[in-house]
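Pasting in a structure now, in structure tokens, and then I'll have a few things to ask.
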Amino acid sequence: MQRSKLGQIGIYTAVIVTVVLLLFPIYWMTITALSPANQLRSFPPVFFPEEPQWGVFSELLATQPFALWLKNTILIAVATMILALSVSILAAYALSRYRLRGGATIGMFILTSKMLPATLLVIPFFAIFKQMGLVGSLWSVVITQSTLIVPFCTWMLKGYFDTIPEELEHAALVDGCSPFATIFRIVLPVAAPGLAATALYAFVISWSDFLFARTFLQTSESQWTLNMGIAALKGEYITDWNVIMAASLMASIPILLVFLVLERFLVGGLASGAEK
Amino acid sequence: MATVEFNHIKKSYGSVEAIRDFNLSVDDGDFCVFVGPSGCGKSTALKMLAGLEATTSGTIQIGGRDVTELGPGNRDIAMVFQNYALYPHMTVRKNIGFGLKMRGMPGNEINAKVEDAAKILELTNYLDRKPKALSGGQRQRVALGRAIVREPSAFLMDEPLSNLDAKLRVQTRAEIVNLQKRLGVTTIYVTHDQTEALTMASKIVVMRDGMIQQIGTSHELFTHPRNIFVAGFIGSPGMNFFRGPVELDAGQPVTRFGGHLVRLPAATAALAGTDAVFGIRPEHIQLTTSPINVGLRLVESLGTEKILHFQIPKGQSLTNTEADFGPDDQDRDVQSMLIRVIDDHIYQEGQSVSLLFPQDKIHVFDPATHAAIG
Amino acid sequence: MTHLTETTILTKPKGPRMIDFSAPRHRKKFGYLLLAPAVILMALIIVYPILLSVDISFQDVRIARVGASDKPWTLDNYRWLFASHEFWRACWVTAKMVVFVGGTALVIGLATALLVNQKFKGRALARLFVALPWAVPEVVATVIWAWMLDSSFGVVNWALLRLGIISEAIQFSQNSTAAFFAVCVVMIWKGYPLMTIMLLAGLQSIPEEQYQAAKVDGASVWQRFWYVTVPNLAPVMGVTLIMTTLWVFRDFAIIHVLTGGGPLGATTTLSIMTFEQSFSYFRMGQGAAVGVVTMLICAFISRALVSRFASKSH
């Protein structure tokens, strides 16, 4: 289809305006982090700071246990990802390949568990963890996050497994591969992109969690996560927005990098999950 | 190498019976083809033989060994799939050698065997490519290579040619037959294409609705179909049918085709006074001077070969359900009969021709049971 | 060949009654075995906690415990709930928020999806950019907007003043209406990318022939949008709307960090109320009652919408 030059220019203008407007908050976070504190109290605001101030990051690292928050966040995300994947790979494969009694019910359950109000779930979990002495432990967050992440990963992986022709596994069985080995030698390598997307998705959800961490880790400061730290900074440094934005920026960079890698898989994965 | 035996095999999904009392014995070295319209149960039968589907009852033996309860890997079989099912993340070499590796063969032995197989199939230059970088025909050969390298008791092939284009299909058909003759491995081959079945098989099993209709060589199926279904299914185009009365004319059995007498095989005399279904193959109808004159409704020309369509006299055609040869044959028109001629004449639609049904080429079927008579 | 046959027979595990899961009759058992860990885990971390929370909602407890001296069941919490002004206000706030956020995010998401579905150079990059806010953690998104909406030095107030839309800076933390819309803006910014991603996938699955056929029939751009795009996209829009609705229902981080539910409950949704009752006032029985009612509302909404869109798409 041939489009007029004017139309082309129109589209570019629209795209640029849209992207600028939608991404302005991210830009503003970056700019603020790099601005000197006094400049933030100037009206009109400065949109292009002349001298980026890098000192704020070292100040943040020196005055706040930022590294500790980062470590806790990563530990939780990695543990959740491993737990969720190891369970959901097997379940998703079973749901995709075997017409099991109760399989449909479990599928429905997984779908509907997305709509559970998480604030309701934390109440019984609080009671359970209190009993088990897990309040204040990172495990409490790993377990509660799994309530969201296991169903999601299972559903997403099932979608990927459904696209793999069953004959591949039949061929492997005929070749003498055991059903269990077939999953690891054939199915997972073939589903690698989907597996990666699912793993990263689990990572993103875990990294973004605030509710579970806030509920179970609030009283033990050594276990705080990045999101808790930033929320606390907002209360503490009421006007030092450059410090808060610097922390936000550092907390976002890992996840934005993950997102850049993941995006092309994600569009397909999320959409296939939504169509069903 | 081994014999293959199905004994009273049944398969049902809930209350639906997919296979009913399937009995078959395939000799060592046979090339046995299961053929039938889609949904006839031929693939299910093959999958049960492979151990990919459980049987509901009955036993399966390969080389005299009861394999009914064994997994696919323990049956000493190799299988070629319709979509080839090559492992996309492995090179051709790894694909072909995977079965040997799973059986614990040392790496250098595997490699030697893979190279041998590749030589036979002319894949040597492609061994280190991934399947994605191969053409359809090459992928098909890799699938064959994966099967022959294992030196199994039996090859199982599930429509292995249906993803190839027409020309390559004919060529590969011959290659598979030659390969099978050379290796002498018992082969069970599933297809919906009766031409494939007729050209490749030493033994054909025609199936419909989960039941074996007839077992035989291509010649037997062609000349002595056991029922209307087999007669209509085998041949391209399949047999023509019309219904009519059996009468005696001077002691000789005859029927009527639009009022004209048609002589029937002598053995039919016993049926006098009843109705029957008569069949004649399109290539057996002769265009000579005869009292039977028909107008051509349609002329399909394939060069020297021509298919001429004419209408069956009123009240003598079969119903759609009687002449049901499966979903692959939907466009068949029960009101028409076909003539297959190879000559240099030019036929026009609307033209009138006179024809003869040679007495010894007429098949007679029971209208109720559809079984062949005589 | 015979050699191979023998080795396969010999190497076959004839061990102490090991089930061969590759055998056709046992293959299904293998499926159940694979499913078992997930089923057990979900029973432990989803089903049991839900049952427990229902149990708690029927008890007059401040701090819930497991097992230890279960109190007798009572309807007190629910009686309190339906009589309390806060609960009905939370319902109203939640409803307003769902409608406003869902509607606006759908419009922005659809517009963005239509835009980046056009053919132009750098389209992949544009798609990446418009989806970016999805990855920003909610807390981070919230503090960024908190700064942008700052009453003294926020860039939003500056822009609005500059454009002459307002004459004096809006106090987002003190004005109920402003606080409500502030929360909505953050939610929309976080929520529209998912809409865009899914609608884009939906747009890509519409066969090009339909547009060409409509064009041949002389349909204008608007008619094509209305008669080809919208009906094709309706199921996806339905699903995305449900997802966004439930997300707004469940959200905790944005409201908690931005306004804490205030001022004067203007941004207290059912979700925030559940949390506050349970962990600010430590009245977990009442908190659980709010949560259980919320869960039922969510179940009802998704049920109704799912069946509606499912019937529409056929």
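Chains here go by letter, A, B and C, matching the order in which they are written, and residues are numbered from 1 within each.
Definition applied: a residue touches a chain if its C-beta (ideal position, glycine included) is under 8 Å from a C-beta of that chain, and two chains touch if they have at least 3 such contacts.
Fair warning: this is a prediction, and the values are worked out from it, not measured in the lab.
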Which two chains have the most contacts between them?
-> A-C
Which chain's mean C-alpha position is the greatest distance from chain C's?
-> B
Rounded Å distance, chain B centre to chain C centre (Cα mean) = 55
Taking each chain's centre as the mean of its CA atoms, how far is chain A from chain C in angstrom?
-> 14
Note the residues in chain B that touch 2 or more other chains, in rising order.
-> 51-52, 71-74, 103, 150
Chain A: which residues touch two or more other chains?
-> 173, 176, 178
What positions in chain C touch 2 or more of the other chains?
-> 8, 21-22, 27
Along chain C, where are the residues that touch chain B in the complex?
-> 1, 4-5, 7-9, 11-12, 20-25, 27
Partner chain A, residues of chain B touching it in the complex = 50-52, 71-74, 77-79, 81-83, 85-89, 98-99, 102-103, 146, 150, 156
Interfacial residue positions of chain A with respect to chain C in the complex = 1, 3, 8, 11-12, 14-15, 18-19, 22-23, 25-26, 28-29, 32, 40-45, 86-88, 90-91, 93-95, 97-98, 100, 103, 106, 109-110, 112-128, 130-131, 143-144, 146-147, 150-151, 154, 173, 176, 178-180, 204, 207-208, 210-211, 214-215, 226-227, 230-231, 233-234, 241, 244-245, 248, 251-252, 255-256, 258-260, 263, 266-268, 270-271, 274-275
Per the touch rule, the chain A residues reaching chain B in their complex are 165, 167-168, 170-178, 186, 189-190, 192
Partner chain A, residues of chain C touching it in the complex | 8, 21-22, 27-28, 30-32, 34-35, 37-39, 41-42, 45-46, 48-50, 52-53, 56, 63-68, 111-112, 115-116, 118-120, 122, 126-141, 143-148, 150, 152-153, 155, 158, 162, 189, 192, 194, 197-198, 200-202, 235-236, 239-240, 243, 246, 249-250, 252-253, 256-257, 270-272, 274-275, 278-279, 284, 287-288, 291-292, 294-295, 298-299, 302
